[in-house]
Each structure stands twice: as C-alpha cells, then as structure tokens.
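After this come two complexes, each holding chain A, first together with chain B and then together with chain C.
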Partner chain A sequence: MEQFLYYLKVSWVSIKRAPLPYALTIFILSLGLGVFFANATFYYQLNSDPLPHKSAKLFFPMTLMVPNECSDCPPPRVLSYSNVQKLSQSDIPSAKAGMYSADGYLRLDTKQAPTPVSIRITQPDFFKMFEVPLLHGSIWADDKARLELILSKQTAVKMFGRSDVVGEKILLDDRFYTVIGVLDDWQMLPRLYDANNRGHLEDADQVYMPLETGYDFNYMSNRQSHTYDYTDYRQLATQGRTGALNQLQFWVQLDTDAQQQAYRQFMSNLVADEKKAGRHPSTPNNQLIPMRTIVTYFGGESADIKAFALVTLLFLGVCLFNASHLSLNRYISNQYEFSLRRALGASRGQLQQQMLADVLLMATFCCIGGLLIAWGGVTLLNFLWPANSLFGRWDLTLLLLLLAITFTMSYLVTLYPSLRASFGGLNQQLKE
Partner chain B sequence: MIQLKNLSKIFRTELIETHALRSIELQVNEGEFVALTGPSGSGKSTLLNVLGTLEHFDEGDYLLDGQSVKGLTDSALSKLRNEKIGFIFQGFNLIKDYSLQDNIELPLRYRGIAASERKRRAEQALELVGLAARRDYHPSQLSGGQQQRVAIARAIAGQPRILLADEPTGNLDSLMARQVMELLEKINNDGCTILMVTHDPDQARRAGRQVQIVDGQLSDAAMYDPLAVKRA
Partner chain C sequence: MSLHLLIKSLLRRKVVTVLLLVQLAMTLALLVNSLLLAMQTRDKLNEPTGLNLPQTLQVQLKPTTPDLRVYPLLGDLLERQMAAVRALPGVKAVAYANQGPVRQGGNNGNLFDADAQERTNIPDIPQYMVSPDFFAALDLNLVEGQLPVTPIAIDIKTPSPLVLTRSLAEKLFPGRSAVGLKTNRAPVAAVVEDFFGQSEATKVTYNMIQVAPLYGVDWGYALLINTSAGNTEQIRQQLPEVLRKVDANIEVFYVRTLEEQHQQLYRNEFGLATLLGILSGLMLLVAMVSSYSNAHFHALKQQQEIGIKRALGASKQLILLELLSENWLTTFVGASLGVLCALALNKMLATVISLEALNWWLPLLCSAVLLVCVTIATWYPARIATSVSPATATKTL
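Entry: the complex of A and B
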C-alpha cells in the first residue's frame, strides 16, 4: 500500500511537471466519454429490461383471426374484444389481461375545472403481471364492470392533496366513481406492455379503469384501432364486444416452457376451430411474442438513437486516438525518468504498477469530467426531446458500467505510451 | 568478481555496423578500483554500460560472481542492478522534483526495503557525503559537486558490491572533482569494487589499476591482471 501511495505521488509530481498537456489529455478524453455517456444513458435505459426476473415469462399473443381473407398477412397489432375473450378462455396462463388506453377528464365535482388524464382500461391481472405496487386500498376483485377506479399516487395527490383517498368519489368525464386503490410511485421503464402501440417510451397512466366499464361507457382507444367492416364502433358498448373492432392489447404470463408450449398449441387449436366454423378464412398466423423482444418485433427501436450511438462511438474513438497521442508525448518527455528508474533497479513490472497509478488518476479525472459533460448532454437532450426525458437517468448499474468504461479508456490511453517509455534504450536516455 | 570473456558489442543501423567493443577479455577482482581510460569514442562508456547491464552485448560472455548474465530476463537484470550495482553518471541523473532523501531512497524502494530502513540508509549515505543537513533540499538548490555527492549517496545507499562511475567528475571543477575522488577512494577502502571511466590521467593514476581502451579493444597491458590488489 505504501508503495502504491508512492506511485500515486510520482504520478502527481509528473502531472505537476507539465500540467497543461495533461489537462488537455483529460479534457479530450472526458469530452469523448461525456458525449458517449450521454448517448449510452438513453441507449441503456431504452434497452433495459424493466422486469429482469420475470420478463421471460410474459408474452404478447397475436393471431390472424380476422373476418376477411388474407394470405401472408401479419397478425394485427391489436385484437378484437371477442378474440381476447377467446384467448382468455385457456387456464394455461398464470395471469392474463386485456387492455387499452384512453383519454379522459378528471375532477372532484362539476364546478371544478377538468384535468386531462390518461386512462389505462384493463383487468386485475395487469397489476399482478407487471408488478404494479399498491400504496392504499385494493385492486378489483374480478373482471366485472364497476364504477371503481385506481389512481396513481401523483394523481391522487394532485386531485385530493393527499394519497390515501380510498373510498373517495371522483368525477371522470360525466360519471362519479369510487377510488378503491392508489398506486405507489411506479414507472415501468421502458413501458414494454405498450410497445405494440409504440407507447413504451411514455409515462405511466394516471387512472386505471376496469375493461368492461371502459366498453360499457364507450371509451375508444386513443392509440391504434381498426375495423374490418363499416359498423359505427363509437357505440362500443353495443357493437364493440361482438364486432370486428380491433383495439385491445393482450398479455399472458406463462411461467414454464411447458406452459408456453401448451398455450401455443391452444392458440393453434383455437384458430383451427375458428376456421372450421367459417369465421376465419385466412391462413393461420399465430405469434407469441416474448416481452424481451417486443420492441424489436414491432420495430420500435429508435433509429435516431442507434445512429447517434454509432456517431458518439466514432467520436470516442477519435478522442481516444488524440488523447493517446498526447499521452505518448508526455511519456516520451518523461522517458529519461523511466530509464533512470530502470537503471536503478525498477523492473518493467514495477513500472507497469506505476502506470496503473497513472491510470487510476487519469480515470478519476476523466470520470469526473466525463460525467459532468454527460450530465450536461443528458440535460440538453431532455430539453430538446422532452418525450425521452424518462430515459435520461442514471442508476447504479449504469454508473458502474460508465466507471468501468472510463477505467478501460484511461488504461488504453496510458498503455501504449507507458510500454514505449519502459522499453526505450536505457543508456541513450540517461546520456541525454 | 567480474569476468568478461571475448565480449563484443556491435551497434547496427540500416547502413552501418560499428564494433564498439571487440573481443574484450577482462577480469576485475573484488575490492579493486579500476580506471577505464581511452580516447573519446573508444568504447569505455559502452563497456561500463555493458558491465552495468544497461546494454546488451552481442558475443562472448559476462560473468558476475561466476554467473553469466547472458540470457537473464529483464526482471532478473533489474534485480541484479538493484542489489549488486551502483551507478554514478556524469550528468548526476537526479530527479529534480524530489528531495535529496527521496532521490537516495529510489533504488531502495524497488528492492522493497521498509520505510524506516530506507530512511536510515539514506541518512547514513547523506552523512557519508556530508550533506545530511540538506536532505530535504532539491537537486537544483545544490552545486554540481554537491549533486554528484548526492548521486554517490544514492549509489551506495543500496550497499552495492560494484560501483560503476561514468566520468563522475566530468562536469565538476577541480576542487569538487578532488572531493568526489576522495569520496570514491573512501568507498573503495570500505570494500566496494569501483570501475570508473575517466579522461583525466591524474584521476586514473589514483585508481589501483588502469585499463585502456582503444577502438573498442583493451590495450595489451590491461587485458588481464590477476595480480591486481586492492589499493592500500
């Protein structure tokens, strides 16, 4: 330890000997790392797994059960109410939930100005499948329609000034509902359950309503929906359940390979039965999309972020090259000291330990510089693209990853110059 | 102690080969004070560097304490330099940002000697060269002669058995040169073998034996002197 502290002291003395070239090296490397980190922050969050312990068990079933004939057609991104009911008939999944989102206006009474809110219209298993934390109250006991809402904590506090509002009445559009539950702070990042609608980069919804209630009160999806006929589906309550209006997302939890296999078989049988009954003229096309791959499946990966990642990686490469060049100059100017130390008995291994102390110091400075620049970059990107602001955050894993990258880059910047310096001709250097 | 057998050293460039040392045969016994003399470019510094393992040689063999240094790894050569050999350079080669104490402790650190022992040895070495009171000074605060004395202190702090001095008085005036020579004689009297490159015939005469090099070859009289004895 004493020797390593000495190595740190030697590094520090060497920096003080020529502070400007060193500062320039740090600045260039920090700039490259900072720009790279800023982009990596978004890239990491966008590609992170919000439920790593469970995501392998969650699936998005899709089927081409549509009334018209279509060969080589992909299954629609959303399902009709009747198809969700059919897919829900199986007891194979541990949990299953149909859902969609809609807009509404919330207020405490008719005198109050309405507050626009996003509503997730869903079934009780949604909360279980996606591990939504409940702060107060409870979830609906079953799938039946009811005038009961669950609010996000933020919405409860905004409307009532407090979070424990279970039992309170609240006006959503033109009907009073009872609040039966309040969620704890929750934001699934990315919100993969909405990836088919490209809604995975958005905030969590504010109000949660039973699926049947949503249909009873004609809440149309505010995302995508399509039909295969000319029925007026604005009367959702009367037409929506039986007609060919596709607007529902459907998720199932399949805990084991056997369950997954069985559910695939169930879907195949279902489609075959439908075909036999004449309700499904198209070539069968069933999909069971794992949650982990759903963004890729629906092409929801941001091309901008990918392109920017490539650019920042190249920029980091350029910075690394320049910083190495500066570092090489610095080491060559210190080569005399390297040679002297070797002449006096330092082995190359000991000089490499000295180099590690250099790396540690450089990594420390670059980490501070890189994170400051990255913080500035993330703030700027959040300002320019507020829609992505949920993803401009650092967690411990990301920070550790950034530290590891900084250390590696600092090592690369120092490795070649230090090797050059420690392999130089001893005699020549000592004579100069 | 030191034995060179038919040792040759060639400097090569793309265009030319220079035979810096040709078939050197030399034996130096323990406790000797040998002066290496010769005209500029004759190969005496190269010989000293080969003896200090700062340069490799191309042919022949170099035995130190009966063991060949040929084929030793870089790590083994570093250990050998650190434990057995002390260097005194014409240009002092002190690190200007370090105190005298830190400069002297440098080779001891690489030997893994504990801090208290390093301090004791450095103080002892500074005492010997008469600079104990200035241990916290930096080299730039000293005269050339004082700096060379610090370099000598650094060389002897590790208690080497061989001291290699490359024109140690080359950059000093006559008074300082005399002081340095007296110091080297004292160190030699204490049992340390010294090989010193010098241009100065007076200094060479103060050594127990003179070895002359001309065109990379030892002059006949100097080749081998088994009867050389430690200078009284």
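Entry: the complex of A and C
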C-alpha cells in the first residue's frame, strides 16, 4: 500500500511539473468519453430488453387476411377485430391479448375540469404477459365487457389524492366506471408491446379498459387504423366487429419451440381455410414476430441515434489518438527521469507499476470529466430529440460500462508511451 | 527548404505523425459529412411549400365531451368557433379541417381515375375534409374549375366533389383537364396550386380536398387562420382564450404558425445536423490542440537545431515558414486521407439516414478550414521557437 501511495505521489509530482499537457490529455479524453457516453446512454436504453427472461416467448402474429387482393404485400401492422377473434381461437398460446390505445378525458364528476388520459384497451392476459404489477384490487376475470377500469398509481393519486381507490366511481368521457384495480409503479421501456408508429418510445398509459367495452363505446385507436372495406369507423360496436377495420395489436405467449411451431401451423391452416371460404383473395403471408425484433420489423429504430452513435464512436477514436499523441509527448519529455530511475536500479516491472498508478489517476479524472460532459450531452440530446427523452437515464450497468471503458482508454493512452520510455536504450536516453 | 527534408523530419517522429494524420483524416471526414447534412436540412427547411408559412396559424383542438364530437353539436361548435376567430382584428380567413398541412402523416387514402383503376391508382394521398374558406385560409390559387362554396349536409350520402392539387391532377389525368372527370371517391370540381401536405405521402404536393362536414373528431381537428402581416403573434396569443370563451369543453393541443409546424416536421434532421455541427467544432478544437502540442513539442526538441540554423544566418521568417510548412504538409496528407474517410463515412451514414452523396467542392472547403485551424494552432509555438536567440539555443552544445 505504501509503495502504491508512493507511485501515486510520483504521478502527482509529474503532473504538477507540466500541468498543461496533462490537463489537455484529460480534457480531450473526457470530451471523447462524455460525447460517446451521452449517445451510448440512449442507444443502450433504446435497445434494451424490458423483459429479458420472457421476451423470447412473446410474439406478434400477423396475417394478410384482407378483403382486397394484394400481391407481395406485407401483412397489415394492425389487425381487425374479427381476425383477432380467429387468431384467439387456438389454445396453443399460454396467454393472448388483443389491444389498442385511445384518448379520453377523466374526471370525478361533471363539474370537474377534464384530465386528458391515454387508455389501453385490452384483455386480462395483457397484465400477465407483460408482468404488470398490481398494487390494489384485481384484474377483470374474463374478456367480457364491463364498466370497470384499472388505473395507474399516478392517475389514482392525481384524481383521488390516494392510491387505494378500488371500488370508487370515476367519469371517463360521458360514463361512470368502477375502479377495480390500481397498478403499482410500472414503466416498460422500451414499450415493445406498442411498437407500431414508434409507440415504444412513449410513456405507459394511465387507464386500462376491457377490449369489449372499448368496442361497445366506439373508442377509436389513436395509433393507427386502416379500413379495407366500407366499414364506418364510427360504428365500432357493430360494423367494427365484423368489417375490415384494422386497429388492433395482438400478442401471444408461446413458451416452447413446439408451441411456436404448432401456432405457426395453426395460422397457416386458418389462413388456408379463410381463403378457401373466399374471405380473402391474397396469397398467404403469415408472420410471427418475436417481441425483441418488433421495432426493427416495424422500421421504428431511431436512425438519428444510430447515425450519431457511428459518429461519436469516430469522435472517441479521434480523441483517443489525440490523447495518445499528447501522452507520448509528455512521456518523451519525462524520458530522462524514467531512464535515471532505471539506471538507479528500478526494474521495468516497477516502471510499469508506476504507469498503472498514472492510469488510475487519469481514469479517475477522465471519469469525473466524462460524466460531467455526458450529463450535458444527455440534456442537449433531450432538448434536440424530445421524443427519446424517456431513455436519457443512467443505471448501474451503464455506469460500470463507462468505468470499464474509461479505464481501458486511459490504459491504451498510457501504454505505448510508457513502454517506449521503459524499453528504450538506456545510454542513449541518458545522453539526450 | 526542401520537401525531402520536411518528409525526413516527419519520418523522424513516425508514431506522432501517424497519430496526427489519423486525427486529421477523421476530422475532415466528420466535418464534410456534418456540413453536407446541415446543407441538406437547410434545403429541406427552405423548400417551397406553396403556403404563406409565417402568416398562417394552425390551432389543433378537440372537444372534451363526446356529445360535442358529433353532429349537430359539433357543427354548431365549429360555426361559433370560426365566427369568434373571424371577428378578431387581422384575421383574413378561417377554416376548419380534419387535419392541417405540413405534416409527416395523417388521414390519407388512395385515388384513381374511375375509368382506369389499374393504371392510375395512387396510394397515400392526404385527404382533407374542410369548410369552404380552407382555400382562402391557405391562400391557394385556383388553377381551373370552380371551388365548392357550401359543404354538403351531414345526412346526405352523396360524396362532396373533389378539389385536387395541380401535380396530383396532372398525374391522375395527364394531358387533359381534370375538371368534371370521375375518380373512385367523387368527381373533380376544381384544381388548385400545389401545397405541402404530408412528407410520408406518395408525393408531398399530392392533396385531395373535399368541402364537407367533419364526420368525427376523435383525433381532434384543426382551425386554419390566415392573418394579415404584423398581426399573427397577437392573434396567436388571443386564440386559446377566444376559443375557450366560445365553449370551455375543449382541449387546445397547440397554436402554431405553419412555419413552426414546418420546423417541427424536420426537428430530427435539424437535431442531428446541430449535433454533428457541435461535434465538428469539437473535432476542430481537438485537431488544433493536437497541432499546437505537436508544434510546441517539436520546437522544443529542435531548439538546438533551430539555434544552429539561426547562427548560420537563417532568418526568423524562414524558421517560422519551415515549422508551419511541416504542419501544412501533415494537414495536406491528412486531408487527402480524410477525403477517403469522408467517402466511407458518407456511405456508412447513408445506410441509416437519408444523406446525399458527396460533391467535389465540400472536401476542398473543409480542407481549407482545417488548414486555417492548424495554421492558427501552430502559429504561437512556432513564433516562440523563432524568438529564441542562437546563443541560448546552442549554449548546451
């Protein structure tokens, strides 16, 4: 320990002897790391797996069952109510849920000012599939329509001033509903169950309503809806259930390869039967997209973040070269001192230990500088790309990653110059 | 001063020179592509839209009670809102629409010549349901035909006649007048000048308009207001209050000029161009630090050599030129390598974002900028080196 402290002291004396080149090295390396880390934060969070133990078992089935003929068409990104019913007929999935989102206005009574809310209109399995935590109450027992809502914890607190509001009545648009459940704090990021039209970047919904109730009361999707026939979108309760008005997303949980294979077969049979019955003329095109690749499938990846990631990596490279350059100059300036220590009996191993002390000091300074610059970078990125603002947060894994990268960079910057200073011809170095 | 000696001097410091060359090459690559993206974004923001962007206001709003979202209350609400806005001083025209122009996507559908579906079908055309003053609100000039002056009644099933933009009419009915011809939706009543509809549509200037009631406003609707010069900001401030006085049961999402809407549309591109611009500035700074450090260290190491040259009669200017020339040579080689890096980076970026190919003059311009920065960074250490007297420089010999 004493020896280590001595090495640190020697490093510190060396820094004080020529502070400007050292400060420049630290500044440049911190700049490269900070800029890289700011963008890496978004890249990492946007590409993270919100359900790592389960995402491989969740799938979005899509089929080209539409009334008009279309050759080489991809299946629609949203499904009709009738197609979801057909895809739900199978018992192969361990869980299945159709869903969409709509807008509404919430209030306690007609005298209160309305609070705009986003409503997830879905089925009970949604909560099981995506592991949504329940704080109070329960989930709907079945898929039937009912005047019952589940609220997020924040919404319950905002509306009632407390979270335990099970059994309370609340006015959503023009109808009173009973609150039967309140969710615990929950935010699935990225929100992969709603990846269409970049919905994966958005915050969790505030209110949850049964799918059948949403259709009964004509709640239109606020994400995407597509009509393939003359279905009147204002008549969801009737025409919307039978016509080709597509607005639903549908998820199934298939735990094993055998289940996945069986469900694919089920989809093929279903589409073939429907075609035979003359309900769709197109060549079958079935897709069973895993949750991890759904954003890519929908083309919703953040191209700007990707492009900037490429450039920041380049910038980090430039800063690394520059810091190496500065470091090399600094070590060459100190070469006489290194040579003198070698002449007095210091081994190369001891000189390398000295280098490690240098690396440690440099990594500490760079870490502090890099984090400060990264914080500024994240703030700037949030300002310029507000759509991604939910993803500008750090967690322990990211911070450890930064630490590891900083240490590696500091080591790389110091390695060559110190080797050169330690391994050169002693006579020549002492003469210079 | 010979090129041979300059190269020899650089080769004496191989590692340092290589590090410097790599940095300069990468800096140029980034600088060139940042500038290209910035120019591309500027071109998008300056593209002709066919609209009076700064003087046209758009209010996006929605009734908060379900009964106000359907006729007859919706029709009454729209009339009262438009009358209140029309009464504001400086308002030239006001109209409702199911959606505003200058958007990424929205309500759209396909359109084809009723007599030639296979040949003429055009998908993804923005579809507007508007009040008759829509054309005055957007200052759209009539090309041919007659603009509908009253919306059809809500309970009449006959579709309203269509108004097409010029480019769409020409695409659908090439070489003939579109007026009176039938489409899959309705016959064409008139053709107006092109305007920017949706960036994700088949073509941004393709638009079809129907003077018709708003059949549903579950997604909200837009009020478009044409204002006289100098009054736009004042009207914008008043609008939320005026609309809430008409009926408090509304949510006003935003009030924007179409110019702001246009900037909003390209916000991501603008953001990326800004970030790359900042990064380019930082890279230039890093390159300058590198050049400064290189020149400073090199001058210190060469102090004796410089002293001998000075003692043998070399002028300060010649020494200064020699030191600068070394950096100019490094910059020239680095910039040449940088052009190759810029091409590679351009190709890589083009795989993830929409980016034009490089032109010939941008690398030249950026090389010149790089040269100026390197010269500024080298100047000070070079001046210091030349000011050392030959006696001091050679005293250790």
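We take it that the second predicted complex is superposed on the first by the 427 of 432 C-alpha atoms of A that agree within 3 Å, B and C clash if a C-alpha of one lies under 4 Å from a C-alpha of the other, contacts with A are read in each partner's own complex, and residues count from 1 in each chain.
Here is the rule we use: a contact is a pair of C-beta atoms (placed from the backbone, for glycine too) under 8 Å apart; a residue touches a chain by one contact, two chains touch by 3 or more.
Computed from a predicted model, the values in this text were never measured in an experiment.
Because the two structures share chain A, they can be overlaid on it, and in that overlay chain B and chain C fit beside each other without clashing. Of the two partner chains, chain C is the only one that A:D174 touches; chain B does not reach it. By the touch criterion stated above, A:G349 is placed in contact with chain B alone, chain C being left untouched.
By the touch criterion defined above, A:P114 reaches chain C but does not reach chain B. Between chain B and chain C, C contacts the larger number of chain A residues. Legend: residue contacts after superposition of the two complexes on their common chain; A:D273 is shown touching neither chain B nor chain C. Judged by the touch definition given at the top, the superposed model places A:R341 against chain B, while chain C stays out of reach.
In the superposition on chain A, contact of A:S324 is made with chain C only, not with chain B.
Once the two complexes are laid over each other on the shared chain, residue contacts for A:L314 go to chain C alone; chain B is not touched.
Of the two partner chains placed around the shared chain by superposition, chain C is the only one that A:V35 touches, whereas chain B remains out of contact.
Per the superposed model, the minimal spacing between any CA atom of chain B and any CA atom of chain C is 13 Å. The intersection of chain A residues touching chain B with those touching chain C, taken from the two complexes, is empty. Residues 49, 52, 54-55, 74-75, 78-79, 81-83, 87, 89, 91, 93, 95, 97-98, 106-107, 109-112, 115, 154, 158 of chain B are the ones that touch chain A when the two sit in their complex.
Note for the complex: chain A touches chain C at residues 21, 24, 28, 31, 35, 102-103, 105, 114, 116, 173-174, 220, 222, 233-234, 303-304, 306-308, 310-312, 314-315, 317-319, 321-322, 324-326, 328-329, 332-333, 380-381, 384-385, 387, 416. Those residues of chain A that touch chain B in the shared complex are 2-3, 6, 13, 16-17, 337, 340-350, 426-427, 430-431. Across the complex, chain A is touched by residues 15-16, 19-20, 22-23, 26-27, 29-30, 33, 62, 64-67, 70, 215-216, 218-219, 249, 251, 267-272, 274-276, 278-279, 282-283, 286-287, 289-290, 293-294, 297, 300, 345, 348-349, 352-353 of chain C.
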